[in-house]
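A short write-up of the structure that comes next.
So that you can tell them apart, the chains are marked A, B, C and D in the order they are listed, and the count of residues begins at 1 in each.
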Amino acid sequence: MAEKQTPTHIEVRYAETDQMGIVHHSVYAVWFEQARTQFFRENGADYAEMEREGYGCPVLELGVQYKGPTHYGEFVDIETSATRVDKLRFRVDYKLTVNGKLCTTGFTVHCLMKDGRPTREMPEKFLKLFNETV
Amino acid sequence: MAEKQTPTHIEVRYAETDQMGIVHHSVYAVWFEQARTQFFRENGADYAEMEREGYGCPVLELGVQYKGPTHYGEFVDIETSATRVDKLRFRVDYKLTVNGKLCTTGFTVHCLMKDGRPTREMPEKFLKLFNETV
Amino acid sequence: MAEKQTPTHIEVRYAETDQMGIVHHSVYAVWFEQARTQFFRENGADYAEMEREGYGCPVLELGVQYKGPTHYGEFVDIETSATRVDKLRFRVDYKLTVNGKLCTTGFTVHCLMKDGRPTREMPEKFLKLFNETV
Amino acid sequence: MAEKQTPTHIEVRYAETDQMGIVHHSVYAVWFEQARTQFFRENGADYAEMEREGYGCPVLELGVQYKGPTHYGEFVDIETSATRVDKLRFRVDYKLTVNGKLCTTGFTVHCLMKDGRPTREMPEKFLKLFNETV
């Protein structure tokens, strides 16, 4: 079971808004990735280090449900959790709130690559991410 | 029935790559939007003009399936089509190819807003977008 | 004299890297803006609030000197200071370090707009930003 | 003497605007890079190919003068030219217009890298870029 439940805290950047006066919908995937990085790191899997060891986690699928806008001047909190889909793929879920109010949910599906190929052999530290009894 | 089938032709930008050496997954939503703009325009609904008239089409949902990477130096083609989901919502689908090879598919779900509120009354020119007999 | 000297602390995002394996040079302007927002806020001038009051600070000029790269996995610190150029324009300077090592310097030049027009009448709270005896 | 004078033609993307209703100032560096890529390519130096050959052109300096805004719905044209600064560095200049009206000027300074180190030995095809009698 992943232990980390500290939300990722992100300040909305002016550059992230569009002329509708809200954060552009493409930005959430970038925020999710920052949350994923922190979630990995706090569970012992530093992604920058993993890349140096030859691992990679390409995104196979992305889904975002926009329930309400976010604005410049706000701070968003993202809760992250991960589950395994099958031997090769895992899914990360994101719940984004502003001042406790739910704004957006989303998910990404990944596989684990080692030296350029999908691998079923996840390193021990990586397995800790998933919400399951190992 | 939407008449427009001209694919949107986009040159991959260096800034759109990441250190994995491929286009970052968040970029596709931006490309989809450029394809949507062209699709709207070629079917008679100029979105910049629509905004000046008080309309807006916020994104309610985004889905992307990454089937293969794209790279700097490549040009991507995006085919766009639209369908109505219900009285309030419509969906736009995107099919992205590089040299005829399918790379990515995706969709966005929108509602139509008029003066800040969802509306069921779509302007005549807007109805032409949808793949249906009106 | 501006009192704020707390550096802005920013985590490098994966999406901010390019295929050279370093942060793309266009990203620094976005980071500078986040530093500027914090600098303004800590000196009593909340920019989101200023916009609601009818003010704006468009960027008239940008300069960046890249002295060394930054990478995913690193945290950058930005020191910000501001000076007046003349009655209409002011300049903000940025010094970016990683672990105390200087990476990049830059500046932006702005004017202050009120209700869509350049103004010489800066609000009291805004004057506190500048490194000068008022 | 560089022969290419075809301007780079770019459609403004919705995602490139900010809540001021204009294109965000950080976007111009991305557009400049797209113009630089085309300028290189039309003069015989394909940058994607150059990277595969071990070359790189990191940005050492960036300067942008914003003379007027650009908007969603507009198309921008960028004229590009290059000059050598000294044995190691070269400068690329950009002139951005919308419908013939000057909006923004800018420049980037680069060095040429070969296999990770600055080099004075520019390949023949690269020398054609510069506005000089070689």
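The rule is simple: contacts are C-beta pairs under 8 Å (C-beta built on N, C-alpha and C of every residue); 3 or more make two chains touch, one makes a residue touch a chain.
This one's a predicted model, so the numbers in the text were calculated from it and none came from an experiment.
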Chain pair showing more contacts of the two, A-D and C-D: C-D
Contact-pair overlap exceeding half with A-C, pair selected from A-B, B-D or B-C: B-D
Separation of mean Cα positions, subunit D and subunit A [Å, integer]: 34
Distance from subunit D to subunit B - Cα centre to Cα centre, in angstrom: 28
Whole-Å separation of chain centres (CA-atom averages), subunit C against subunit D: 24
Interface hub residues of subunit A, defined as touching at least two other chains: 14-15, 19-20, 22, 26, 29-30, 33, 72
Topology of the chain contact graph, where touching chains are joined (line, ring, star, complete, other): complete
List of subunit B residues in touch with subunit D within their complex: 11, 13-15, 29-30, 33-34, 37, 46-49, 71-73
In the complex with subunit A, residue positions of subunit D that touch it: 14-15, 17-22, 24, 26, 72
List of subunit A residues in touch with subunit B within their complex: 19-20, 22, 25-27, 29-30, 33, 51, 56, 58-66, 69
